[in-house]
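Below you'll find the structures, each written out as structure tokens.
In what follows, chain A forms one complex with chain B and a second complex with chain C.
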Partner chain A sequence: MAKRLTLALAVLFFVITGALPVLSMLFRSIYIDGHFGLESYRGLMSSSHQWLLMRNSLALSSLVTLLTVAAGVPLGILLGKTDLPYRRLLTLLFVIPLLIPAYIIAVSWSGLLGHWETAGRWLFGLPGCVLVLFSVFLPVPMLLTMVFLRTINPELEQAGRLVSNWRGVLRGITLPLILPGIGLAALLVFVLSFGEFGVPNFLRFAVYPVESFTQFAAFYNFRAATAAALPLAAVTLILLWLEASWLRDKTWRVRPVAGAGRAPLIELGSHRLWLFVVVVCGALVFAVIPIVVLLFQSTGAYAEAFSRAGASLLRSLAYSAFGASLLVVLGFLIGYLVYTQPNRYGRAVDSLTFFLFALPGTVIGIGLISLWNTPWTNLVYATPLIILFGYLAKYTALTSRITVSQLAQISPSMEQAAEIAGAGWFRRMLFIVAPLAWRGLLAGWLVAYIFTLRDTGITMLVYPPGHETLPVRIFTLMANGTPQLIAALCVIMIVATLLPAGLLWSLLIRKNPGVGR
Partner chain B sequence: MNAVELATVSKSFGGEKVLDGLSLVIEQGERLVILGPSGCGKTTVLRLIAGFVPPDSGSICLEGTLASRDGRILLSPERRHIGMVFQDLALWPHFSVMGNIEFGLKATGVPKAERRRRIAEVLALTGLQEYARRKPGELSGGQQQRVALARALALQPRVLLMDEPLSSLDEELNQRLRTEIVRLQEQLGFTLVHVTHNQEEARDIASRIVAMQGGRISD
Partner chain C sequence: MNRDIFRSWMLLLGVPGLMMIGCEQQSSVQTVTVYVSEDQVFSEPVLRDFERDTGIRVKAVYDTEEAKSTGAMNRLIAEKANPQADVYWANEPIRAEVLKQQGIASPYQSPNAQNIPPAFRDAQGYWTGFSARARVLLVNRGVKEQPASILAYADPRWKGRSVIANPLFGTTTSEIAALFTLWGDQKAQAFMEALKKNRVAVSTSNGESADFVAAGRYDFSLVDSDDAVNRMRQGKPVDMVYPDQGEGQMGTFIVPNAVVLIKGAPHPNLAKQLIDYLLSRETERKLAFADCAQIPLHPGVEMPPELKPIQSIKTMPVDYAEIARKMLQVQPYLREWAGL
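The block that comes next holds the complex of A and B.
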């Protein structure tokens, strides 16, 4: 009874924070002045501007997906499976751009290339957006390739090695076996770049999330903003269908096989040096140089940065830490439900979490305002609760999926033994399952902290007056702040992300040497 | 000429010595069974012969050719003409039975017509003709075992290594497959190196048995 009630309440809470705002937005867009109508959408299909937005959005996401997968998969193989020197350090360097808000990388590139007219012109538009989002999302296929490589039984590759060199084994055995992981990476990159708001907004490239945000924030045209959000929701639904039909069963219970970490590495031989040089150059261009540029630009501006955005920094840290903790609890409960009830109900709840994760943050933001902006719900709308609700709506998929993967590695007999011993469900969760899943919970907290800290799409729309977070503050200061001040704030943002992430990551590695090998 | 020769081979993993100066000569066409308890180093011997890992010290020769010596692999696995049946069979789940057999033939450059002929031959030898288009996951344990054997035999290896492939099968199937392995070896004439901890299985298969204990051949 306790189990059913708790899980049902968790789902209900998630529906209220996540699904209801989107439904409310949809309802308000078709219920106008006391009657139902499709006026908001009529202009949508006929306007050539809408088609331009769709073309731009799809072109950006497709190009970023294509390039990141083409580069990320070989990179993941090099860093996860070969004897390339300094693999762990290089992996960490490549991951850095993913951890920080994407527009910070755009700010850095604009600082670097802005001095040259041609390069500056090239940066502002599709090529610049592709360059920045490529560097930001490259770690997604890279990391997923590394993770899925560890799920392959080494003997499958050794059986191939008896008849073929490594190139043939990678082509014929390894890559087909990690194909679901590559598919998941492609889907995630597409989703993330499709919903990206900060980079196209900064680099002035017209895509749907920017249009939706502008219509809402600049003109307060709710109908136009909602109409611009609808194509985003439609594409998201298609992606959800793709994920549910082709990938979910193959990817949601990623289980590293015993011995995968000890499998012999591919010896690169005479190719080792030039491949090392290529990978180091990639890390320098896409991870090190953007940060070094910001460091140089920000010299002497830190005092002003702290005085103008110190409060925003503290708020960001507090909201993200609190939001990540809530996400771990809600994600654990929903992940437990999805794992233990692999029926239609469990799959529907899982689909809803993924749909909201895939939905651009600006759409969720508009939905939250649509639902909570009433005189009776100021407790939510006028307080940081609305930011936390936004985090829960968008990022629960991350912590619930991590929970599912972690639960798949715990034998069901652990909980059953406690049940036979007379322990109730809460006691079993608290003293048996949660301690056994602590690594997943910690990793979930870390991922949730990073994603909430870097969030701009939702926060930018819903933050109540006096509650702006650091990414929002940086964004608003871009209009009138000096480049030095912006660079200093970006560096502070990077440190705020990397410091806790580094500390927790080192804790995970120390307690489990297999992590990050 | 000996099929395989290991001379004072030592191997450690993570500071733990698994093989300690092991020497072993395996003659052409014999069915050698290495018998020993879990963790005695039997599988490591097979992995050294296959060329997956180099010996820390000592040397390994295959038909008179130096294949590995003192921490170095001189002959990569695909150039050793060795077949192997792994403990968990290691059947590629994304290929059909035919695909599993054909992968190695393609990789070694066997022409299409010859590939077809060899696939048909090993399918007939192992009684798998009607399962050619099925995926490994759609087969029973015994059928999977035969696929692993067919895959290894299609390449006409000079030496076939078998790493406790029967251990997960029930007793009746285990006994039937022992007989089949011996029949196939006598029919095709390859050298067989089979490792097991089961004495009865060793007696049924072997033309010679060596016992292993603590990383050495025991007397």
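The block that comes next holds the complex of A and C.
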């Protein structure tokens, strides 16, 4: 009873924070002046501007997906399966752009290339967006390749080596076995680039999330904004269907095989040096140079940056830390439900979390305002609760998926034994399951913290007066703020992201030396 | 074991929760809420000075560049039945006038508004203007003979050599709407069509237009005077021209900031204090010397040498209330013109 009630309440809470705002927004777009109608959607597909937006959005996401997978998979193999020197250090360097907000990388590249007219012109548009998002999302296929490589039984490759060289083994055994991981990486990169708001907005490239934001923020037209969001929702549903029908069962219970750490490394031989140089150059260009540029540009502007944004920084840290904790709790309950009830209900809840994750933050933000902007709900609308609700709506998928993969690694007999001994559900969760899953919970907290800290799509629309976060402040100061000030704020944002991430990561490694290898 | 688990949960929820409460803790300090369309980088120091001078805390919502300076106004409209703001600091009077027409503004005659010319304030006190921008031509120094009128946009001599910010947004919309009120629909539409024929480029913002001219991609653009002064102070090879100053010409379009008391404001008395502060000579002096370089409307306020006193500029004779009404009417035409 306690279990059912708690899980049902968790789902209900998620529906109220996540699904209801989107439904409210949809309702307001078709219920006009006391009657139902589709006026808002008329002309949606007849306008050439809509087709341009769709073409731009698809071109950007497809190019970024194609390029990151093409480069990320070989990079993952090089860093996860060969004797390339300094593999861990290089892995860490490549991961840095993923941890910091993408628009900061865009600010940095514009600071670097903006001095040359041709390069600056090239940066502002599709090529610049592709460059920035490529460097930000490259670690996704790289890391997933490395993770899935650890799920391959080394004996399969060893057997292959008896009859073929490494190239043949990679082509015939390794790559086919990690194909679901590559598919998941491609899907994730596509979803993240399709919903990306900050980079195309900064680099002035017209895509749907920017259009939806502009329609709402510039005209406050719920109906037009909802209509502009409809194609986004349609593409999101297609991606959800792809994920559910092809990838979900193959990817959500990833478990490293025993002895994966002892799998033989590919010896690069004479190729070792030039491959090392290429990888180091990649790390320098995509991870080190953008940060160095910001450091140089920001010299002398830190006092002003702290004076202007100190309070926003503290707020960002507090909202993200608390939001991440709530996400861990909600994600744990929903993940538990999805894992223990692999039926229609469980799948529907899982699909809803993924749908909201894939939906651009601007759309969720508009939905939240549409639902909560009334004199009776100011407890939510006029307080930071609305920001937290936005975080829960968008990012629960992250913590619930991490919970599912963590629960898959815990033997069900542990919980069953406690149940036979008479322990109630709460006690089992609190004293058996949660402690056994603590690494997953901590990793989930870290991922949730990073995503909520960098959020702009939701926060920029819904923040109540006097509650703006650091990313919002960076965006509002971009209008006529000096490049030095913006660079200093970006550096502060990077430190605010990397410092807690580094501390928790080192805690994870210290408690479990297997992590990170 | 139990203690370890208790500690873990405290660490997970308790510490971040306390951080959150710490950030939100309200002291007994009085608070006024203001929505601001003026760039944060310029408006925030003024609001901070107000906090320092009065001890009243200011909670602000700022517009972003992407919301085209209309986000705050539209948020006020959306919150009509649930007002959160006390004051609106608009970066142009048209938005303030829209609020008046929508029943969101409340009248207030500030004692500090007495010396502001009547052309720049609402007669009933629904909004009051201060610190203005002029709509100027920013011209690249490489151009031999500088344009002196906005009609240069339609002159074949400048075919493909000029740029204008998207007329659907910001001060460009206001100026186009002003031309519609001044010339009538037929002449104004003919002018807009002439712009198309003359291959005038459309940028996303006045700032981008100014950058294009500074980089030499185009010869001139109509921008706000703060964009122009900003590029001049950066040492870019550009000049600022106040257009249409000659005999018989229509004059330069002036865009003052405007401040509005919100109807149903949660803190009306504090709101009036803030409005008085914004309309003071001292605030105008600060905004003149800031990088936004805005022209004071009070007579005799000190200002930097790049600026002309408002009395020495031939200003476009317009009624901002009429422009606000016209702006709503011409939106569909402008959308069509811009291909949206």
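One rule holds for everything that comes next: the second predicted complex is superposed on the first by the 517 of 517 C-alpha atoms of A that agree within 3 Å, B and C clash if a C-alpha of one lies under 4 Å from a C-alpha of the other, contacts with A are read in each partner's own complex, and residues count from 1 in each chain.
Following the convention adopted for this analysis, a contact is a pair of C-beta atoms (placed from the backbone, for glycine too) under 8 Å apart; a residue touches a chain by one contact, two chains touch by 3 or more.
This structure is a prediction, so every number in the text was calculated from the model and none was measured.
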Three-chain arrangement built on chain A, chain B and chain C clash or fit: fit
Which superposed partner A:Pro264 touches (first chain B, second chain C, both, neither): first
Partner chain(s) touched by A:Ala382 [first = chain B, second = chain C, both, neither]: second
Chain B versus chain C as contact partner of A:Ile173, first or second or both or neither: first
Partner chain in contact with A:Ser164 - chain B first, chain C second, else both or neither: first
First, second, both or neither for A:Arg150, with chain B first and chain C second: neither
Partner chain in contact with A:Val328 - chain B first, chain C second, else both or neither: second
Chain B versus chain C as contact partner of A:Lys81, first or second or both or neither: neither
Vertex chain A; arms to chain B and chain C (CA centroids, nearest 10 degrees): 160
Touching partner for A:Pro465 - first (chain B), second (chain C), both, neither: second
After fitting on chain A: smallest Cα gap, chain B-chain C, Å: 33
Residue ranges of chain A in contact with chain B within the complex: 153, 155-156, 158-165, 168, 172-173, 176-177, 262, 264
Complex contacts: residues of chain C adjacent to chain A: 1-2, 5, 8, 12-13, 15-17, 19-20, 22-24, 31, 33-35, 39-42, 44, 58-68, 70-71, 74-75, 77-79, 81-82, 84-85, 169, 204, 207-208, 215, 217, 226, 230, 291-292, 339-340
Partner chain A, residues of chain B touching it in the complex: 13, 50-53, 76-78, 80, 82-84, 86-88, 90, 92-94, 103-104, 107-108, 151, 155
Chain A residues within the chain C interface of the complex: 47-49, 117, 201, 204, 210, 213-214, 217-220, 308, 314-315, 317-319, 321-322, 324-326, 328-329, 369, 373-375, 378, 381-384, 430-431, 434-435, 438, 441, 445, 460, 463-468, 473, 475-481, 485
